[in-house]
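Per-chain residue numbering starts at 1, and chain names A, B, C, D, E and F are given in the order in which the chains are listed.
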Amino acid sequence: MRNDGREYNQIRPVTITVDYIKHAEGSVLIEVGDTKVICTATIEEKVPPFMRGQGRGWVTAEYSMLPRATESRNVRESSRGKVSGRTQEIQRLIGRALRSVVNLEALGERTIWLDCDVIQADGGTRTASITGAYVAMVSAMGKLIEKQLISRLPVTDFLAAVSVGIVEEKAHLDLCYKEDSQAKVDMNIVMTGQGKYVEIQGTGEEAPFSPEELQELLAYGKKGASDLITVQKEVLGPLGLSIGSTDGETIQNA
Amino acid sequence: MRNDGREYNQIRPVTITVDYIKHAEGSVLIEVGDTKVICTATIEEKVPPFMRGQGRGWVTAEYSMLPRATESRNVRESSRGKVSGRTQEIQRLIGRALRSVVNLEALGERTIWLDCDVIQADGGTRTASITGAYVAMVSAMGKLIEKQLISRLPVTDFLAAVSVGIVEEKAHLDLCYKEDSQAKVDMNIVMTGQGKYVEIQGTGEEAPFSPEELQELLAYGKKGASDLITVQKEVLGPLGLSIGSTDGETIQNA
Amino acid sequence: MRNDGREYNQIRPVTITVDYIKHAEGSVLIEVGDTKVICTATIEEKVPPFMRGQGRGWVTAEYSMLPRATESRNVRESSRGKVSGRTQEIQRLIGRALRSVVNLEALGERTIWLDCDVIQADGGTRTASITGAYVAMVSAMGKLIEKQLISRLPVTDFLAAVSVGIVEEKAHLDLCYKEDSQAKVDMNIVMTGQGKYVEIQGTGEEAPFSPEELQELLAYGKKGASDLITVQKEVLGPLGLSIGSTDGETIQNA
Amino acid sequence: MRNDGREYNQIRPVTITVDYIKHAEGSVLIEVGDTKVICTATIEEKVPPFMRGQGRGWVTAEYSMLPRATESRNVRESSRGKVSGRTQEIQRLIGRALRSVVNLEALGERTIWLDCDVIQADGGTRTASITGAYVAMVSAMGKLIEKQLISRLPVTDFLAAVSVGIVEEKAHLDLCYKEDSQAKVDMNIVMTGQGKYVEIQGTGEEAPFSPEELQELLAYGKKGASDLITVQKEVLGPLGLSIGSTDGETIQNA
Amino acid sequence: MRNDGREYNQIRPVTITVDYIKHAEGSVLIEVGDTKVICTATIEEKVPPFMRGQGRGWVTAEYSMLPRATESRNVRESSRGKVSGRTQEIQRLIGRALRSVVNLEALGERTIWLDCDVIQADGGTRTASITGAYVAMVSAMGKLIEKQLISRLPVTDFLAAVSVGIVEEKAHLDLCYKEDSQAKVDMNIVMTGQGKYVEIQGTGEEAPFSPEELQELLAYGKKGASDLITVQKEVLGPLGLSIGSTDGETIQNA
Amino acid sequence: MRNDGREYNQIRPVTITVDYIKHAEGSVLIEVGDTKVICTATIEEKVPPFMRGQGRGWVTAEYSMLPRATESRNVRESSRGKVSGRTQEIQRLIGRALRSVVNLEALGERTIWLDCDVIQADGGTRTASITGAYVAMVSAMGKLIEKQLISRLPVTDFLAAVSVGIVEEKAHLDLCYKEDSQAKVDMNIVMTGQGKYVEIQGTGEEAPFSPEELQELLAYGKKGASDLITVQKEVLGPLGLSIGSTDGETIQNA
């Protein structure tokens, strides 16, 4: 058993509070254990220059941490004058992940900005950001439907992300910070409601991992993503948001 | 009467939640109407290079807004690659204000970093930051006492800040965003528990103001600061934090 | 009596040399004691993007010091790669102050750039910059009249700035560097010819100040601003520049 | 069959020219089809500040492209004034990958800088960089042995990287640029000589991929890495470089 | 005699390999002794904003070194976040030199970007860059003729650059790195096929030089430039590229 | 005859005002026609890190223009966030030139910073900077002698700089801005009191120049430098500053 009493293949308690910030078109506070992220979705009625006139939309993400989200204070990237490689890598990951389930044509020539700001960190901030940003994004799309700018949600599936890793020779699901800092292998998995992979990023810097270990991590990741999507459905259902599909079928009527 | 039913010399409802962020030595969520700021205080056991070896501590502040704290999304300063003039001006103001009531010799050679991150903005974010940062700072100093690193709070007085302004020819206390954007004269006042001034920053860019108007604004500011300090006392009292004074007398036993 | 023999409420000798730089539309060398600032006014026949098409002009300022304007050499901001918070704060102050007495509609869609470059510093560089920039700006506006681009000066009043402070428990007007570095309270006041306030920025970082002290500082500031405006009138008078007013009355015929 | 006549599970022709740059301790020109990368290894007799005094070495990488390595000219990152997120992501990947097979204690307190400069790009530049940098690094370590600074190669295994992807519903090994730009799924795999995973980075931004597709991609990747390691052995063998192992056994005597 | 057996007025062996990089419109690898530079020429069908609508083209250059082109590794300018003064000086020199023999009107409204990337340095990198860039540029212009966008080469003359210097009181032509680092006087000379000067940059920081020494250096430079132009003719001749002249005469039919 | 009545080989009127800025160890205002530059020399009692412990001093320069030194306003480099290539080229030139006549060993481990700030520009700002900085530097060295930190001036010769150029097919000495903008060939020459060359920078971007033209420009430059040094002697003489020489002989007793 783990420090906090969880099973190895169990995620931490998850809470998603919708409409957390009054100005944003969509916003949530997602809490995964002690990790807390404010995700806002902003709709901008234009697309970046390189996409203009193609009739397609764009989804992009930014990620940051408050200086004291972490155990010791980290210097603001605005003070350093540049965004770190780690932050850029995470931002690109979040944006790519979210775009994978958005029908950009159906969204129309507008941009959705997803801002993920970690106010308290305890491991898994990038995966919590993806899971929370998905809900904020769908919620913002709901506003577009309310305003009759689009007629249905331009998303093709649910989407959630979770971390897995090998700590003391054992696979673990949803690592807290302490586990993460001891992990020999660390992997983030982003999956859809249909159980397809959107992103797999695994690294064994401390120790290369075998094909068998890989398979176990993939199995844990599948369970974790599925559990998170269950929470997303519970949150989005009452909002009356129906997730459509590209092939014309409705995946879920909330 | 004002839009939200307040009197002209009445502040908005204020809530200060202490220990809001688990990692920080001191932290609060301060809510002044719809303005919400997370203030954390970090104790660092060293001082900046220019102060080393003098046996004195330092207090400094950083301020930021989440991109969607405001009605339309504002670009992150980390993405722009530099901290704006406005932000720097506010940071310098917060740091200066807090230092004015800290006995830096009694603090010892350590730095207190105050991070004020606005998660939702509706006017008065810099004054809410000062008022909240004061509580976070005292709370963090309490940790130093617990660890027996210092024997009493190295602060000389309470400290709060409030905005006043002239809107449609009338003085107003604690302006919300809408009032602020219509104000011809805008002033921020930082005062101590003893009713002394720490900062006065008034600007009449739209319309120079008369000596009589100045006196009325000063009177409103005095009332607002006093009301905010009452809230600070209610929050700090139960924590058993006693605010001392430089002249050896105790200003208040909480 | 003060070191240089001045009364506490006396400003230093002031000289304003007009047309100091041949290329600029308006320019002065202002000397306030040993503080020397070159102020130039540049007229640009367009406004910043955010103001286009509104039929209004803009006034903005930049401030800098030569590296050896000060007792020890300070590193150039161009070498540092960024403008310091202090510089930005001063630039914003100068711009705001000057705009407060300009009728931007009457100026028309053009920008006036005020560049204040301190070539020798001895306290009060930002206030000397405002006082000098005012004259440079009016002088440049005179060129617009000569070219028949506007028919009268689009300014509503005179404008001057002065510092006041408390040194060794005594209020002082127009502090030189040595006095300034010993001041417990430091305040900059910008006033119009009609005795109205444009900016008040007072800070008691070293020691909060009482309402009584505030009143005394305000009185000194009023006298200082008035004395400086007398010098401005002496300089602008011979140039035949008439300062108009927004209410249709002429404030002064030079 | 593919455009260039290859089988779907076949890598492009690979050439590794050792000692390509005369000044570097280790250097190669690696050519994978039309992709050409100069990899140099520099030995620096110190480690970064955060690692000092621990008796361990460090391996880090930098990656860049000449402006005209690509079909259209891309702006230099030095001209832009910052390193792009993509470049940083690749640099971090290369460094992490190489460190996974280096015994940092055995390396001693020195840093190996790996510079990967793409002079001509045709897909797979980051994987070619890893495969080439490995040879440059081992070659530089050979210099340390020659100078008797270390007694054996501080590497635990071979290391190579290859891309796999799904193009027109078919898995492909080692994608050239044209294939890469049409791929729905794109994955980079870094493996050791013993067939363990060091990194897996797969993304299905265009289309999430099924568990079955994942397994096929993994199988292709395994073959590709193995083929590249065969080339590495042919190159390093004649140099008399023996790859050791952490468990005391020699993996290969070249 | 010199270290490498050369006469004092003899250049090092020179090789120019044309079409070295497949994507570029023009490209060479120029080797001058151990100095190796990749020069590419990119044709862009537009000119910088300040030149639009004038019917004239533009030629501009960028220069860089791989980190390990030199004996000890030098930090990338992209990592430093800015282009050094030395690099900018060289880039401006290369651009200016090339433009001096281009008929910008005949080129038409297009820009030629010359990228000179030093992959191995042994003195004279800037002069090798100019000599090589000239060939890459003419080669790219050949592509414009092939596409019938222009009818003849818009160049007025050949162009080559060489260094001269005074080492141990003796004039030297084409200094290698070791000679260069001992030189008291260092001069770069850019000349045309007709023997006219385009640039002379001589510096005697270590020791001012006499008029007589200047004359000897100029004579050496003339010989070096002439020898390099002979190599250029041998390379460009087989490509069938005819260098025209502004006055209607053909300078050389290759 | 030229526009301003000068002969082709005549410099403009030159005035050098010593001790222009009170805080600097050495300072001048140099006026060459309408070009006006403030040059200050700052003595710092340390050398840059790369020179420590060698018992030698250092001389370095910075150059800047006030925004309105020129006919149209130019943007500050501090606002742009970087120093332009042109500025860096000039700074390097000034530093190199001054160092060529300083005995760095005799100076001792201290740095002389030369700041050249152009307050009004009319051509020849870099050459005026060198000529003026020389006087500021010697004047600051005089302070070191007064303080008995050194016993004699650590300079080996006088130093002045002047521009020459070809305008409308005629050689011109000391070009004003208007002449400079029409020049086909532009050359800056830095010479010592003994008539040796320190720097020659000539460029014929608009039109390559013949060996005969070069000789004529060199002759003009010699005359100009000599005339400027006559002015320097008149200024330094009364200060009692004696220019020594490295070979033990006194070049001039002022």
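Basically, a residue touches a chain if its C-beta (ideal position, glycine included) is under 8 Å from a C-beta of that chain, and two chains touch if they have at least 3 such contacts.
These numbers come from a predicted model, not from an experiment.
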Query = Pick from B-C, E-F or A-B: which pair repeats the contacts of D-E, with over half of them the same residue pairs?
reply = A-B
Inquiry  = How many angstrom lie between the centres of subunit B and subunit F, each centre taken as the mean Cα position?
reply    = 52
Query = CA centre of subunit C versus CA centre of subunit F: separation in Å?
reply = 34
Note = dist(centroid_CA(subunit A), centroid_CA(subunit D)) in Å evaluates to 30
Message = If I count partner chains per residue in subunit F, which residues reach a count of at least 2?
response = 81-83
Cyclic ordering of chains (reference subunit A, direction subunit D) = A, D, E, F, C, B
Ask   = Which residues of subunit C touch subunit F in their complex?
value = 21-24, 27, 34, 38, 40, 42, 44, 62, 64, 66-71, 73, 76-83, 87, 113, 115, 117, 119-121
Key: List of subunit C residues in touch with subunit B within their complex   = 82-86, 88-89, 91-92, 96-97, 99-101, 157, 187, 191-192, 194-211, 214, 218
